[in-house]
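Labels for the chains are A, B and C, by order of writing; each one numbers its residues from 1.
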Amino acid sequence: MNALLETLQFVYAPQVVNGLSLGVAVILMALGLTIIFGLLDVINMAHGEFYALGAYLGMSLLGIGVGFWTALVLVPLIMLPIGYLTERALIQRVFHHKDRHILTLLLTFGMAIVLEDLFKLAFGPNPLRPDTPIAGATELFGMIFPTYRLFLMGVGVVIVAAVWWVVYRTRLGAMVRAAAYDRHMTASLGVPVLRVYAGTFAFGVALAGLAGVLLAPVYSVFPTMGKDFILMAFSVVIVGGLGSIKGAIIAGLLLTQVQALSSLYISPVWSDPLVFGIMVLVLMFRPQGLFGRLGHG
Amino acid sequence: MADYIAVQAAPGPRSRLRPGLAAVFVALALAGGLAGWLTGNVFYLRLATEALIFGGLAMAVDLLLGIAGLLSLGQALFFGFGAYLAGLLLRDAGLSFWPTLALVALAGAVLGAVAGLIAIRARGVYFALITFGLAQIAAKAVYNVQALGASDGLMGVPVVAVGLGPWSVPASDPLGFFLVVLAIVMIMYGLLSYLLNTPFGRNMQALRANAQRLSFLGFDPWRYKLAAFVAAAVLAAVAGALYPVLRGFASPELLYFQTSGNAVITVVLGGVGTLIGSLYGSVILFGLKSVIGTYTEHHLIVIGLLFMIAVIFFPAGLVGALRRRK
Amino acid sequence: MHTLTQRKLLGRLVAAALFAAGSQAALAQDAQPIRIGVVTPLSGTYAPIGAQVKMGLDLALAEINQGGGIMGRKVELLYEDEEANPQVAVQKAEKLFQQSKVDFLTGTVNSGATLAVGQVAERNDKLISTTVSFSDAITGDKCSPNVFRVNAKAGQQSVALAAWLAKEKPGSSLFLLGPDYEMGRSTVAAFKAAAQQRGVKPVGELFAPLDSKDYSSYFGQIRAAKPQVFYTSTAGNDTVRLFSQMAEYGMNKNVTMVGVSGAITAQNIKAIGKNAEGFVTGVGYSPEIDTPENKQFVEKFQKANKVLPDLYGADSYGVLYFYKAAVEKAQSTDTAKVRKAMEGLQWDTPQGRKTMRAADHQAIQDMYVVKIQDGEFSIVSKVDGKDAIDASVCKRW
């Protein structure tokens, strides 16, 4: 009995907690992705690069003397107009084509290539890292956890709750969901649909940028960081169901736990492929994921 | 009987294959090859050979995207498979050129069928993500397997001779091997064109336009999708097999997303659905990288921007744009 | 009389012209420059290493040419960007061998590129040397008669570090962590063996996937082993994450942190910040080496480039002198003759006298142990060349 408790405390619990802190990153990314797909029907292959952009913006702000907490608030605000313009200027152009899905996929894929090289050009290829804003570690149930990571988990819950509230409990959210369900009807009701689309995209990438700043002290900042979580985020979105916020959260928690705990039994090199494997299986047998779509029937 | 109806229902202009442009390509390639040989410019001949090899991979992506309407983001899986298998056969089993190619084609078909059974179940974006995921898993596997050379790759593939009846062309002969690769790629193009003009092929093309209508006419789209997938797998595998013959090694980078992504860019730049556009696109892309690379190391920005412009303004690609002007 | 003088004058002029032309041609033959190709990453993640390689080579080039070149012939360097990709490296190497007809090639950084370019060199019957790649396989089981290495390999670094560790912390417990691929595994294995031989006790080892984001999942295991010394062979970003996360969890308190030389370099030391203090590694060169030759070299290098040389710059500087010595010994640039001259050759470098071992084309040199103090590497120990290398395992010739 004692041995079991010890195993739980020193072997499993840390893994679970690590999975949770990874989960915050992945869920924030997946939320943005799923909202953009659910509401705009657009697969944003450049989502990871917006995550990186947020991190780099954060580093730049820190470089001119802005404090970490101020930067945390400023970065998503700066990302909003960037995302809005991207949607209006680029994505709208291919939106009305009959091959829209593939074209937006290709377009955002191109954007990702350009953005990654731009980061290398502007910031150099070497890694950067902000100092941990909350230093030190706390003891919980006999285990030591860095205080910043605990903070991250708390912030994650707050952000997810806020997103949920906005989408499901505000008038703005209702407009957005209506536009996704039936844009013509919504437009005829006087809702500026195109602006709603651009705004939603902006919101999604702002979330990604926020994640970038939050996680910079833990995972550091470098030009290819956009690829760090994007694969996991896509897997989460697929397994949870494209367009479902509930799905993104639950699948996010599930998959990150699978990855964290699996490294106890199989070589960690195969954790990522395991998650992809789950994604592939879901795509084969239940393509709509666990919870289906947000705005669509 | 039912097949015959499909033939009549699909008139010429629906097919975007341009045999004229194919002939022009061969002429240009021969001229270029001759020029390279006369000026002793071995480097460019070998680079052009490599462009043709990756053009073959791009053709496979085009077959799926432009003809069958399926975007594959992981075609490098079959390319890398062909490269490693050929490397092993040539280096360790001591096989010669043609038996290696034949075995790779066969194995590619089997792998294609297996992967196809997994991937075909999904449509559109999901299909793209499955192919992406499969390629990632394979790349990770190859990177970690010592027997395949792990991260350094499979080294030491010997220089083989390509037997053509009474003649023998060593792979190290720049012009000779260039012509061999050109011939192989054009033969595969020819076979595909022929296939696409058969009733079976016309039904495959209908997949892109409207798969649902196909099933209303009594055909099971699934068969055609699988056939397209297997054909694309074989094409990519054979193209991949030519790589270690040219360069003497196979490395995990051949399976990375960058390889698959480059193929997609090639297809879009060259002309989706034209098959020959992929070959033009590959030459253009290689040329662009070479030229831009001498001015700045950030050639990806330029290529990425060109790609985005192509997607927005010329969804039919370069060749498609040429066609529209007529 | 006019005509005769004119004719004589004309005749002399013609003769003079012919003589000038003839000797010009003869001079041109002798004055044909020696061309050396350099395939090195000038862009991408490894660009800073390529930059040091270039700086070292350019400095040596200027000195050698000022001194009359090699056997009276001027030396030329032709640079091509490798982009840290074996495919590109191979393309560029071919271009240099076949189009530019270089006599010798150097500059490859990552081990995959060196091996692939080595094959190209064999096909073209030319010689290459790397000045950066430290994978043991290059002069080990994947050795090639056309490939030489003037820099220290991973095995030498491990031996030097292990010797220091055995002296400073005899019998201590050691935990090893490496990225899960061939290079990561082989460096961990090499150090573990070298340390064990000298009385240090390994208490655990771990391999994390390359580009792991989060090492905290392994901390439970590491903490349970209670090591006094922690060895890592991660590089670049992985080291940044490993060290900052270890600091987050307080794992680096009272633990001696050591590792492979590539773990902390100028590229990532800033991002690691104060978490890098006290890190110890074994290297083949340090700008602090206290010999007059090295001081002169560092001064010249700094004057020309405004930065200190690192091991890549120093070894690249040395490779041109290596080639020069070999060509002068062989009195020719013919591949077979130069190869023979190179085997067993001794030549002087800023880090002292090196010997090129004939059995595996690996340079034997003195090794140094350096430690990060106040954000910079300082020398703490030195190991003699012959003690810092193990027997050759190359069997190809």
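In this text, a contact is a pair of C-beta atoms (placed from the backbone, for glycine too) under 8 Å apart; a residue touches a chain by one contact, two chains touch by 3 or more.
Note that the structure is a prediction, hence the values are computed from the model and not measured.
Quick one: which chains contact chain A and chain C both?
Shared contacts of chain A and chain C: B.
Is the number of contacting C-beta pairs greater for B-C or for A-B?
Between A-B and B-C, contacts are more numerous in A-B.
Go ahead and note the Å separation of the Cα centroids belonging to chain B and chain C.
38
Between chain A and chain B, what is the separation of their C-alpha centroids in Å?
Inter-chain centre distance comes to 34 Å.
Using the touch definition from the top, which residues of chain B touch two or more other chains?
144, 298 - these are the residues of chain B that touch more than one other chain.
Two-or-more-chain contact residues of chain A, please, as numbers and ranges.
In chain A, the residues touching two or more other chains are 269, 272.
Would you mind listing the residues of chain C that make contact with two or more other chains?
Residue numbers touching two or more other chains: 44, 47, 180.
So in the complex, which bits of chain A are touching chain B?
Interface residues on chain A, with respect to chain B: 43, 90, 93-94, 97, 99, 101-103, 105-107, 109-111, 113-114, 116-118, 120-121, 231, 234-235, 238, 269-270, 272-273, 276-277, 279-280, 283-285, 287.
Quick one: which bits of chain C touch chain A in the complex? Just the residue numbers, please.
Interface residues on chain C, with respect to chain A: 44-45, 47-48, 180, 207-209, 211-214, 216-217, 219-220, 224, 236-237, 240-241, 244-245, 248-250, 267-268, 270-273.
Which residues of chain C touch chain B in the complex?
42-44, 47, 81, 83, 85-87, 90-91, 94-95, 98-99, 111-112, 115-116, 119-120, 123, 135, 137, 142, 180-183
Touching chain A in the complex: which residues of chain B?
The contact residues of chain B facing chain A are 65, 71, 118, 121-126, 128-130, 133-134, 136-137, 140-141, 144, 261, 264-265, 268, 298, 300-301, 303-305, 307-308, 311-312, 315.
Inside the complex, what are the residues of chain B that reach chain C?
Those residues of chain B that touch chain C are 41-43, 46-47, 50, 143-144, 146, 150-153, 155-156, 159, 172, 247-249, 251, 253, 293, 297-298.
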